[in-house]
Every structure is written in structure tokens, then in C-alpha cells.
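Below is one structure, written out as C-alpha cells, with a few remarks after it.
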Amino acid sequence: MNWLLPPGASTFAGDIDRIYYIILVITTIAFVVVQAGLVWFLIKYRARPGRKALYTHGNMKAEVIWTAIPAVTVIVIGLMSGGVWNHIKGRDSVPADAIPLAVHASQFEWNVTYPGPDGQLGSADDFTVRNQLHVPVDRPVAVMLTAEDVIHSFNVPAFRIKQDAVPGMHIRTWFQATQTGEYELGCAELCGLGHYRMRAVVTVHTAEDYERWLTERAQTVSLR
Amino acid sequence: MKRITTVLLSGLFLVGCGGGGGDASGGGEGGTPAAAATGPTGTATITGSISFAGAAPANPAIDMSEEQACRDKYQSQPTNPQVVVNDGKLANVFVYVKSGLPDGATYPAPAAPVVLDQDGCLYHPRVLGILVGQSLEIRNSDPVLHNIKAVPTVNRGFNISQPTAGMTSSRTFNSPEVMVPLECNVHGWMNAYLGVMSHPFFAVSAEDGTFTISGLPAGSYEIEAWHETQGVKTMSVTVADGGSATADFSFGPSA
Amino acid sequence: MTTVATHSEAAAHAHVDDRSFLRKYIFSTDHKIIGIQFLLMSLLFLLVGGTLAMIIRWQQGYPGQAMPGAGVLPETMAADGIILPEFYNSLVTMHGTFMVFFAIMPLLVGVFGNYLIPLKIGAADMAFPRINMASFWIAVPAGILMIVGFFVEGGHAAAGWTGYAPLSAVPEYTGVSLGQQIWCVSLIVLGLSSILGSMNYISTVINLRAPGMTWFRLPLSIWALFITAILVLLAMPILSGALIMLLFDQVLGTHFFLPAQGGQPLLWQHLFWFFGHPEVYILILPAMGFVSDIIANGSRKPIFGYHSMVFAIAAIGFLGWMVWGHHMFQSGMNPTLGTSFMISTMLIAVPSAIKTFNWLGTLWGGSIRFHVPMLHALAFVSMFVIGGLSGVFMASTPVDIYIHDTYFIVAHIHYVLFGGSLFALFAAITFWYPKMFGKLMSPRLGKLHFWLTFIFYNMTFFPMHQLGLQGHMRRIYDPTVYQFLDHLGGLNRFITISAFLLFASQLIFAYSFIAGWFRGEKAPENPWDDTGLEWTTPSPPPHGNWPETPTVHHPPYEFSSPLARDGDFLPQTREVKPLPDPAPTSTPADTPASR
């Protein structure tokens, strides 16, 4: 049983993975204490001839201890998590210099609209590509998520990002890739019979490759 | 006690039966049409040629790069055949008799199915006609998932998948409808258009723009020509027994 | 609170039972018969839900391969023996739907709420026996309707057991129209059954407790069922309301959840989960109650921290209303809400921890008997801890970004619902079976069933944590589409084979259940040496339960009480004269106090 997370390739991965491992350590300790305690009691206090069980109704001190320790623990985990959450999902957390992309999710395709050479979304040189997400490494990217029909979920496990795309809503989410390479985007909200195949290829380019790709693509007619 | 039981059981039945048949469309699948008198046939023919006047618009390119199995079937950049013009002639126009036949005339559905194929991530044919009650056989010739979603307004729609090559599925339609759009959601560019007819007097213009409707009884008819982007045109035609008439249509910006 | 004077029905039960067969066993108002009716119906649906799971596991273990036996399925479900994607979506939807609504909930609440409440509080029957009968007979058409959904055109509901709109609201998105409508109607009808039942349980516990049965002498199973009934009463109407709105969107042209005309998809999620989260506590609280009864019995000790246990049940019930948003962290709702729901979710772990430590405290210093119900109850504690701890990961909003909608969630669900609720149900069924049927189940078969189930269960569901941590999404028909999931094929197959073995092991339970009923040894009045009131009447109890209303003198769980004369337990109804010698009894040997 492998409790390790696969390698992450975004700035979020460090924070998220760190909290995961902290929780893993805490829950493993709790797990071992409880399960070992359980097994030990079952062995030690099994019925044997001549033994009588202890007649007691409880212990208030024990109650206080085993209420306080879990309470403090979970509150600490919560506080730790809150800051990271705000950094990733907070409405004001999107960096001002992020490259804007528009991702329109529909049954069963991801249509990614790029701002083109002028860097502005919504201008004449925008172009749309089906099922391919291209970003440069070490630059923040802000995705405006929309959905055509049903709820989909924009999910790139390697970047530790996941955000539902809801019809009728414009939802901004952002990330910054830290490693070049090819990754996968897979819809993470049941959206119909093609849900399992709603996949896009995510390519993280070096800065130069990204410019080259942008220029090449902007020259082709956007589809549909 | 008996009263309460009766009330409760009636309530159960009401609630239990209330959920059925919520589908809003009028002509559901399932029931065969009542056997009415078979409509008249004859020996007249209407032929024609559909032309496209003006510059034909460029069909959009299709990015099939994320569906390699389909992309491999093409030597050059595949395009979406929305407007198919060859030598000034327009293909894929659905031509049919809109009025002129007796009211309520019904025609038997042929036993042979109409075949719709998915090949190279495109529907073949793109425009097709079928009779009420006739079987539409949908085939998948691609080794990829296609779904076939029919979005009619009068008939009952469906949305089914064919994940592997070689699969076939069949559907029938109970009500005449011009046109029923078919689409694949895995490949958003895939479209087909199905004309569901109560009579067999329809045709689709070929690559050279020609069409033929035969077996008509003598009479005066309104003929309609439908194209998915170029609109609809109508014409009146009269034919005599054993005779033939011409109905040429012209679409396009200079028509 | 004072005990209430005996209800007029409670007096003078020693009448001749001249009911017809129909009145006695089919349209019975006797809570015990109704409980058994729910038991048989729910076990049947447990089988249905389990069968659907086997098909799901086949597809996950062997995607794209023809399933043996799939030839019987129509072409709308499978082609050449290969499950179709739309049918797969139906399978995951209906597995969840049947298991949650038609198996686990009725087993916990319909069966044991009905069976145990009057018996354990000293009442002759429920406050409203005829409404009780209606509650069962309303559940039956709901269940039949839900089965019918498989046979209609377009197939059964396919939008997940959570039915998110707009996928569930617009037929063309799934190709399912009638099936999704049937799903709504069936659940609305079932909701009525649940609401009627819970109203009965609440009234009965408040009003029909026997003299001496004060609130803090109620066994924890009854406390749990009582609080659960309050949750059901408050939560089910919300689901019904949401389902009606969804049904209207489907068939009447309304647009509560459809954005094109101004509706809000997120509204469905808020409504569903506002019901849905209390629902999962409905699915665990009674289980915790049964486990408390059985662990005290098996340890031969009073439950450790009875009052804390009651407080914890109430706290879980109360806090359970404030955490629903943790299902929606990634939904697009305001992220600030995410933080507030995270805090409440973290807090709700505390009462569950309190309960776990109190169970351990009960075992400590005990004289533990490993009878079959005790084995299952102990497995509950162990497995529920795993399920609860996995919940901490998803309660943390940033970690949830990664594990939401993955198999990590599926693992969590199944550790609390199967590892938790179902093991508790096996404990409860094996514990109260002798009382229900007057027969003993075979201990040997019971232990065999327990061990096989425990082992194969963990082999099936523990690895799902790993699938999720590797990013394996939920509800995907074919994981091989994704390269990053390529290396998990072997693990998926391992899980699938374990699941098949787990399913097969339940045949032992089924056999034991049926064989016991027909050929089991006759059960005495109190085969488990338990203190509860139900063990002071024959197995099975007569109509009316006792010839005269019993009087309660002691708290529950007085095992190893110094006041116990014969045996090591003091039944709650035993009238004990004070000891003649005021000197205290000697402390038992080999206990922490004596060292």
C-alpha cells in the first residue's frame, strides 16, 4: 500500500503535499494507538476462568483528555489548511500577471481559448484548441472556466488543481507549472456517458517553445 | 381501519403511477402507427439539380490531433463538410414533397434499414432521409468512442454510445420531422441531419447536385429543398402520370 | 423528564391472539413483524446493490472485456458482453441508491428502530402501530418502482446517487428520461415511509417508556435510534423537496437548476447535501448504538462513559447539520465558505473520537467474550476508525482539491458504510436474531462468515486509498484512457478479485440466516446474558411483548455489578433487595485498581 503522492509539477504541490503528509503522520499515529490498543485489550482482557470484569462506569479525567487532544489536533490541522486554501482558491489570489486562458467544458471536450499574440482574451487574435492545454513553465496561468451543458471538473492531478466548471457560472482558477513535460487533464465530475474520456493533454513548455507554439497556432483557423 | 387502508392504498397507487410518462415529446417510440389506408403511388418523377451561385465558403478545418485513430484515416487536413460545392453544384440538400399528397396518407416502412456510419470521426452520409417506422442502423467504423445523440423536437430523442468499432445500434422514429439533428459529443464537429418522412418521396442531392424523386402519383406538389446552413427554398411542381418534371434550386450568396 | 403513565394499550396484553394470517404476518401492526418485514426486504436490496457492485468491479478490473453472463443483458446495457458506458453510469448510480436508501437505511432504522424500540423501553408496541404498518407498505412500492427503472426505455437513472443537476434534470444529457423520473418519485415515496417511521419512533420513545425507564437508563441503541429519528424527520423532507423540484425541471418545464433560464445548478447541491450530510449520520448513529450495546455485553462491563456517549450522539446529530458544504469545496461556491465548513467538519471528528475511546474504555478491564456479534462490533470500531481518520484528509480543503472525486473518497465512504454500518448490522442481526426468530444461528458459520468478510473486505477497500492518492477519478468507465493511471491496472484487478470473494462470502451468511430460521436450535430467553428488557420475554416475544408492563430498576449495561446474584449481570428490570451486609464487595482480581 503506497501512501506516497505522485510527483507534483506546480507551485501548489509543495503546500498541498506538505499538509497531506502532516495529516498522514497524525492519522497514522492515531491509527496505531487505537488499533494497537484495541488488539492489546482484546488479548489482555479476554475472558479467562476466575477473572471478573472491572465494574466501572467511566472516568471524567479520561473523557476530558480524549476530547481535548483530538479537538486541538483537528483545529491545528484546520488552521494550517486555511492559509493554503486561500492562496490557491481565494477570489483575490489570482496573480495579476497571470496568462489568461478560457476553458469551456462541454460534453465531452475541453475547448481551450488562448489569447493569441496580443495576450488579451476576447480579442480578434484569440484561437481555440480542442483537448490541448499549453502553458509555459514558471508563469502563472489563470483559467476562466465555463461549462456548456452540465457540471464538469477541471482536474490536473500533477498540478494538484481541481475546480468544477458549472453551467451559468464563470469560475476563475489559477496555477503555475514548475516542470516542463506532458501531463493529463481528466474531467472529475460525472458528466454523462463520455465522462471517462473527457481528457486533454497538458503540455508545459519552456518559455521559448511556448512562444513558438503560440505563433504557429495563431496562424491556423480555430475550429468550430 | 378499512377506510384508512383504502385511502392509503389509493394514495400509493396515485403516487406510484404518477411518475410515468413524463416525457414531453409528442410522438414517442414504441407504438406502431394504426394501419391506415396506404398512400397513393404512381409513375411520375421529379428530377433536379441544385446549384450554388457565388463563392463557396471554406469549410472549417477539424483539429483531430487528439483522436489519432481518426486523424490517421486522412491524407490531408480534414475539414467539416458543412457546404459541399463541386463545380457550382451543391450536395447534401434534402429535397422532399412538402404538400400535395392526400392528408393522412401513410406508406409502409421498408424492411431494409437506413445505414448511418461513423468513419474517420464523421457521419456518412451527413444528410439522410428515413420513413416513419423504418429502422435507422447506426454503425461505428472507428475504434474510438462515439455517442449518437438525436435531438428531435417531435420525436423521442436518444443518446447512446458505441465505444468500439463494429458496433451497431438501431432506432426508429414515429413522427415525421424535418430535420432531426444528430451529433456526437465526444467529437463536437460531428453532425448529421435526418429527415423523418411519412412518405417515400424525398432525396438527397448527390456530389454533382442532382436528385431524383420517383414513384409519385400525378398531381401538384410543393417541393422543399433544405440545407443545413444555406436555408430552405420551395417550389411548386406539377406532374402527370408517367411524366417527369424538373425542379432546379439555387442556393448561395448570388442566388 | 418523568416517566409517563402506562399507555392504555400497554395494559392487559394477555388476550387471545385471534388475528388472521394476513393480519398477523402481512398487514401486521406488530412492530416485531414489521421489523422483520423490513429485514427481509432490505437484505434483498443489499443483494441487489451488491450484484451491481460486482458488475462495476468487473468493468474496473477488466475494462473493455466481455463479462461472463453479460449475454443476458439487452443491447442498451452491453454490446458483445461488454458493459456500455451509459450503463456503467447507471450501475454506479443505482449501486449507491439501492445501498444507501433501500439497504443500509432501512436495515438500521426500519428494522432495528421498529424491532428494538418498544422492546427495549418496555412498551407493548409503537405509539402508532397502524402508521407503522403503513410505513413498511409505502416502502415496498418505492422499492418496486426503483427496480422497474431498469426496464424502461432509456434505462435507469445515470446521474450518480447524488443526482447532480443539470445532468439529472435534462434527459438529452444522459439519454435517460423515464428512469431518472422514476428515481425521483421512488425516493419521494420512500421518504414518506421514513418520515412516518421516524415520527413513530420519536413519539414512542418520549411517551411509552415503562415506569422506571428514565432517559438516562435508556440503552445507547435507543438513544441513537431516537436522535437518528429526529435527523430523519428533519432531513428527509429536504430531500423530498429537492427531488420534487428536480422532477418539475425534468417534466414540467421549470428551471430551478437550469441556468439558461436563470436557475442554479449549485442550488441542487446545497439542497441535496443539506439532506445528504445528516443522512450519513443517520447511516452511522444507530450502528454506533448497537455496537455500544454489544461491546458492553461482550466485555461484561458497563459502557465506559455512558453520559459522554449520549452527549456524543447528540453532538454528532447536531453538528451534522453544519458540515454539508464539505461535499462542495470544489463546487464553485465561495471559497470562504470552504473554510467555515472545514472548521465545522474538523470539529465533528471530536465526538466520534470520544465514542471510539469510550468503546476502548469499555473493553479495558473487561472479561471479553468473542461471540459472533462481538466480533462484528469490534470490527466496526476498527474499521470505523480508519474511515474516520481518512475523513480528516478530505476535511482539509487544500488536500481535498487533490482527493475530491477520487477513489480516496470511495474508500472513505465504504470504510464508514461497510466497515462501519454493515459490520454493525451483522453484529445487530446476529445478536437479535435469536429474539426475532426464536432460533440460534450457528456460531461456527458466524465466525467463518465474519473472518472471510473481514479479510476480503479490507483487501477490497483498503487499496482504494492508494488508487485515489494516485489520482484515480470516480465514476470513470475505463481508467485505461489515462496514462497516469496505467500502472494501477494490477491494483484494480486485485480489488476486483477481492470483491468477488467478499461477495461470495456473504453466501455463508445467507445460508446461516435461512438455515437457522428453519433448523436452528431453539433460542432461550436470554442467550447472551444481556441486561436489556427484550431479554426478559420469550424468544420470539408474544404479541404485546409482556403480559404486564415491566418496571425498570437499573441503568443499562450493569454487567459485573456487585448487585448481580446469579450470573454476572443485572437485568434492568430485576428488583434487587439491598444487600444485608453494608460492607463493600471485594475488588475483582487482576484489575488495574487492585495492582
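Order of writing sets the chain letters: A, B and C. Residues in each chain are counted from 1.
Heads up, the rule we're going with is that a residue touches a chain if its C-beta (ideal position, glycine included) is under 8 Å from a C-beta of that chain, and two chains touch if they have at least 3 such contacts.
Computed from a predicted structure; not experimentally measured.
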Pair joined by the larger number of C-beta contacts - A-B, B-C: B-C
Chain at the geometric heart of the assembly (C-alpha centres): C
Distance between the centres, which are taken as Cα means, of subunit C and subunit A, whole angstrom: 31
Computed distance of Cα centres, subunit B from subunit A, in Å: 44
Between subunit C and subunit B, distance of the C-alpha-averaged centres to the nearest whole Å: 51
For subunit C, residues that touch 2 or more chains besides their own: 84-86, 173-175, 478
Per-residue multi-chain contacts in subunit B, two or more chains: 145, 159-161
Subunit A, residues touching no fewer than two other chains: 107, 192-194, 197, 199
Contact set on subunit A toward subunit C in their complex: 1-6, 12, 15-16, 19-20, 23-24, 26-27, 30-31, 34-35, 37-38, 41-42, 45-48, 50-59, 62-63, 66-67, 70-71, 74-75, 77-78, 80-82, 84-86, 88-91, 107, 149-151, 153, 155, 157-158, 160-169, 171, 183-184, 186-197, 199
Subunit A residues within the subunit B interface of the complex: 106-109, 111, 129-132, 192-194, 197, 199-201, 220-221, 223-224
Residues on subunit B engaged by subunit C in the complex (per definition of touch): 1, 4-5, 8, 12, 15-16, 18-24, 29-30, 145, 149, 151, 156-164, 167, 169
Residue ranges of subunit C in contact with subunit A within the complex: 84-86, 89, 92, 158-160, 164, 166-167, 170, 173-175, 259-260, 263-266, 299-302, 304-308, 330-332, 334-335, 338-339, 342-343, 346-347, 349-350, 353-354, 356-358, 360-361, 363-370, 378, 381-382, 385-386, 389-390, 392-393, 395-399, 401-402, 404-406, 462-463, 465-466, 469-471, 473-479, 481-484, 559-562, 568, 588-593
For the subunit C and subunit B complex, residues of the former touching the latter: 27, 64, 75-76, 79-80, 82, 84-86, 130, 134, 137-138, 141, 144-145, 153-154, 171-175, 177-178, 181-182, 184-186, 188-189, 192, 247, 250-251, 253, 478
